[in-house]
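Presented below is the structure to which this report refers.
As written, the chains take the letters A, B, C and D, and residue 1 is the first residue of each chain.
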Amino acid sequence: MTLEKAVGVYVIAPTPFFPDATIDFVSIDRLVDAYRAAGATGLTVLGMMGEAAKLEVAEAEAVAERYIKRAEGLPVVVGVSAPGFASMRSLSRRAMDLGAAGVMIAPPPSLRTDDQIVGYYRNAVEAIGDDIPFVIQDFPLALGVVMTPEVIRRIVMDNPSCSMLKHEDWPGLEKISVLREYENRGSMRPISILCGNGGLFLDFEMSRGADGAMTGYAFPEMLVDVVNYARAGDFEAAHDIFDAHLPLVRYEQQPGVGLAVRKYVMKRRGLITSDTQRAPGGKLSSKAIDEIELLLRRLAIRDPRAVVAASAR
Amino acid sequence: MTLEKAVGVYVIAPTPFFPDATIDFVSIDRLVDAYRAAGATGLTVLGMMGEAAKLEVAEAEAVAERYIKRAEGLPVVVGVSAPGFASMRSLSRRAMDLGAAGVMIAPPPSLRTDDQIVGYYRNAVEAIGDDIPFVIQDFPLALGVVMTPEVIRRIVMDNPSCSMLKHEDWPGLEKISVLREYENRGSMRPISILCGNGGLFLDFEMSRGADGAMTGYAFPEMLVDVVNYARAGDFEAAHDIFDAHLPLVRYEQQPGVGLAVRKYVMKRRGLITSDTQRAPGGKLSSKAIDEIELLLRRLAIRDPRAVVAASAR
Amino acid sequence: MTLEKAVGVYVIAPTPFFPDATIDFVSIDRLVDAYRAAGATGLTVLGMMGEAAKLEVAEAEAVAERYIKRAEGLPVVVGVSAPGFASMRSLSRRAMDLGAAGVMIAPPPSLRTDDQIVGYYRNAVEAIGDDIPFVIQDFPLALGVVMTPEVIRRIVMDNPSCSMLKHEDWPGLEKISVLREYENRGSMRPISILCGNGGLFLDFEMSRGADGAMTGYAFPEMLVDVVNYARAGDFEAAHDIFDAHLPLVRYEQQPGVGLAVRKYVMKRRGLITSDTQRAPGGKLSSKAIDEIELLLRRLAIRDPRAVVAASAR
Amino acid sequence: MTLEKAVGVYVIAPTPFFPDATIDFVSIDRLVDAYRAAGATGLTVLGMMGEAAKLEVAEAEAVAERYIKRAEGLPVVVGVSAPGFASMRSLSRRAMDLGAAGVMIAPPPSLRTDDQIVGYYRNAVEAIGDDIPFVIQDFPLALGVVMTPEVIRRIVMDNPSCSMLKHEDWPGLEKISVLREYENRGSMRPISILCGNGGLFLDFEMSRGADGAMTGYAFPEMLVDVVNYARAGDFEAAHDIFDAHLPLVRYEQQPGVGLAVRKYVMKRRGLITSDTQRAPGGKLSSKAIDEIELLLRRLAIRDPRAVVAASAR
């Protein structure tokens, strides 16, 4: 299957570390198995929430390799955003050699005008080669780069290897509608649109026409449910399960500490051995942990899959 | 009552316009009455969500005057943020003459260092006079100015007229804990901390020690409930009502279109005559309106106060 | 004469204050006379360097009025940039009633995409009326808004009242060439291009095809010389006088303290009574003053007009 | 000699490329010899103007190695700024193994508060080890991070391995005075202060007490002259040679195209084989080249060392 037809949930996977900040490869295997069991249709590794910038080149390649190997059958997108094209090229070529389905490229924060953004992706494709399917990461809140639908259309039409949009504009619902309208009118080649932003708007993103999610909530089961219900046309069921998780989704989406929350819950679920982040990383206070535990307890009432063993912390 | 002891909900009030963009003063009266009935303990006018920047000076004064007059008994905070101190001074003096309880000052986006921020508030107090109680607006997401707890402490301790923090850092829960700890240890004079951010974290902000909310959700009843339950120690009840509203709270907090959502719901509730915004303003597509109606319908199941008449749109 | 045909030097005029920060209207008259004597072909008032944001509305109108009155015969452009369109409209209408030749509008720093910038000017024209000639201020270094030549072309072509570009992109020489090429090919209506940035590139801006300068160096005589020599085709003479002044031009163009330098030199030349700025304003240390005096002394050797009386400071 | 006692000119060295964008190691040798002949007291490689971000890790190490080897006797500072600490550590250790005198670290653009900046350098030192002398790069115009003198003092006092400040705040003259005052009063350990910003204020930076320059003008001879004259107390001679070069200095300091200008002149001087930059890089139009040639011709009249052979372009 090619990336531009992707549907479902591509889970943004973290990079698990041991308390000494070395990479925990065994937890990678466990995560992949859990994502598969949860119904994920793909994985995305070495994104921002994968702490990619904190890895050395050899480490990044090792993480990608382990994920791809274990994922066998599940397509894996590898984040290759880098300050320069030489590094982007070498990681991209390496990722594809390892069996990646494609790469994801975020624009550098310095870009301002429409032409600068379009030109950046043109240069990136020249650098990595036009044979590698790539994903546009559209994340203005974190990157400060605002892409109009027209800019996305230009990138898609200029670059046949552009296969997917990781949509995390905020607000972004109208953008999905406009892009789908472009496709319907034939002015833009169809691509896959998977949504990020921690899933905070996934319920409506689906009814606007998104193909699924590419994000990293600690209970990917919920993301899978929302996408599947919505794709089946049962939007009320989608909202029901979404609303049950929303208090935690919202808590996990806090900039700076969000990954700490996510890793904490993953550790509580037994998915990773330690919730260690490499520096600089958000830390959870004891009050924050109490809040997460409260949210887990309340969530478990509405979604039994969220029951976790009493914490021994 | 003085501002530094304020508790409860100071509702961020919009400026209602007729479809021709003239000010709808009658809706101001209606809003004040509704806020009072909902249990608000104060009002804040001419903030960002009050479209203050879109008003001429005389209009701004007229809006403040109408709100203050109708609010009789309810303290009114007036936003006086301005590109220059001369305008800030004249609006501040005028607001106090009209009976305002204090003024709110946001830092200009150009500030970077700790000293620049502290110096700005010192200059502002010199400009408006040290006899006017003022509120710090701490809103990094919108303003790009990041204040450490220590910077807030310095502003509070340098300026006896500093009475309140409108807290809308994001994430911001730890900041509340740190500020309360300063107060407990006696290193910071106690002030009122009211929380913004559309209420998206009000449940936990209260358990962290906030005194209430200063924000502008279309159902201020919920904000009042959460604050009152929390202040009474019944956090489960606070979470229950909060969670019921969270899907709409989240939808209303979208940057750019949030005010359009809020005004639409207010119009649907009969609180304002028109949901017109002055340009530039977010517009709701028909799909967005469908989404809001769906959220209202689902909310009404969990909170009967949210029942609104079927839309005749 | 209409603004779109303007050539020469439109001096960016400061707002002179007495040491108590009240407006010094007599110095305004003196400045106008000096600018006229120096060969200025127009004036621009209430710009950033005119400390416009620090004035109350009535003060701003009074400053504009005084400048326009004294300038009789010299066209005056009035800066009307404002956080909202209502204030922009009222100041624009007032300025034109007073006899202004046009208004200048800077984009707000929040704008990002090409369409947002174009849309902003469309909204501004709707607000002020399409009968008022206006100047685009293109100043990315200060405003963070980057306009491509194509965006400028769109604004010009969408709005018949767009008459001039205050060009202060940095770097910006290629932009002038591209815009002049648009005009030559007939794809953009000709407008006047006057250059800012403290004149730091005026020598080459003229050879790229600019019509002159709109900036505010303490010796406008130099700006006039460079423009006149260049327009006469004597580029070597233009460079000679430019190079003589460049050490001071460079010193005066420092962000933050530049206006303090300019006002200091103007006071030393007897053009204004005091170099007071309203807060917040850059301050000159005694070392900085020594540096300026050294620059003046060295400049006077190369340009006798720069001789100022020995300082009695 | 240790870095904290460094004086003179540490030239910011470019990375020369052949037209096919491969690294031109022979030109590295030629550059080192020319810098030594010009009187440089040190070199800095892999900085922004060294296109460090466009190199792969192995390439960066190879460039550093070649520079260090050829520089024998001249201390070489290696830029190690990186999005993550793991990469920063490995490049730092490698550079020191190769014989570097120290490393240079720029703060990431996301930092805002004083504590964030101080904390970042603490984390960086933890990552690279406290045995590696490091240089703070203070460059707000490019990085958006504003460091007060107090923040620099904190970094210096917290980290014994902090040895030097690459000063390129803008404006920045007062900052030098304040830091030297800290040292004189004994509240800050003395470090070396070398100035950047393309040398645009080197004349006055020296009289403010800077120890020299760390920047990359195409005629490093001028930087050496200014520093030497100033250190010998002959400030008039320093200004004379500085002013002669200022028109070109100013032209070369344009953001975005500055490096293209510098490399062009270096190629014209025979220092590098090609002025190729890796993408993305500024390009010179034929008009820009004419302007540079004009500047070179005019400069040669005042400084005979600037005579270059007639261009055969």
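As a convention for this text, a contact is a pair of C-beta atoms (placed from the backbone, for glycine too) under 8 Å apart; a residue touches a chain by one contact, two chains touch by 3 or more.
None of the values given here were measured: they were computed from a predicted structure.
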item: Chains touching both chain A and chain D; value: B, C
item: Same vs different contact residues, chain B with chain C, by half of numbers used; value: same
item: Centre-to-centre distance between chain B and chain A (centres being mean Cα positions), rounded to whole Å; value: 33
item: Separation of chain B from chain C, taking each centre as the mean of its C-alpha atoms, in whole Å; value: 38
item: Distance between chain centroids, defined by C-alpha means - chain B, chain D (Å); value: 48
item: Contacts with two or more other chains, residues of chain B listed in rising order; value: none
item: Residues on chain B engaged by chain D in the complex (per definition of touch); value: 112-116, 140, 145-148, 150-151
item: Residues of chain B that touch chain A when the two form their complex; value: 170-171, 173-174, 177, 200-201, 203-204, 207-208, 239, 242-243, 246-247, 250-251, 254-257, 285, 287-288, 291, 294, 298
item: Chain B residues touching chain C - in the complex, by the definition given at the top; value: 51, 53-57, 59, 83-87, 90, 109, 119-120, 123, 126-127, 278-280
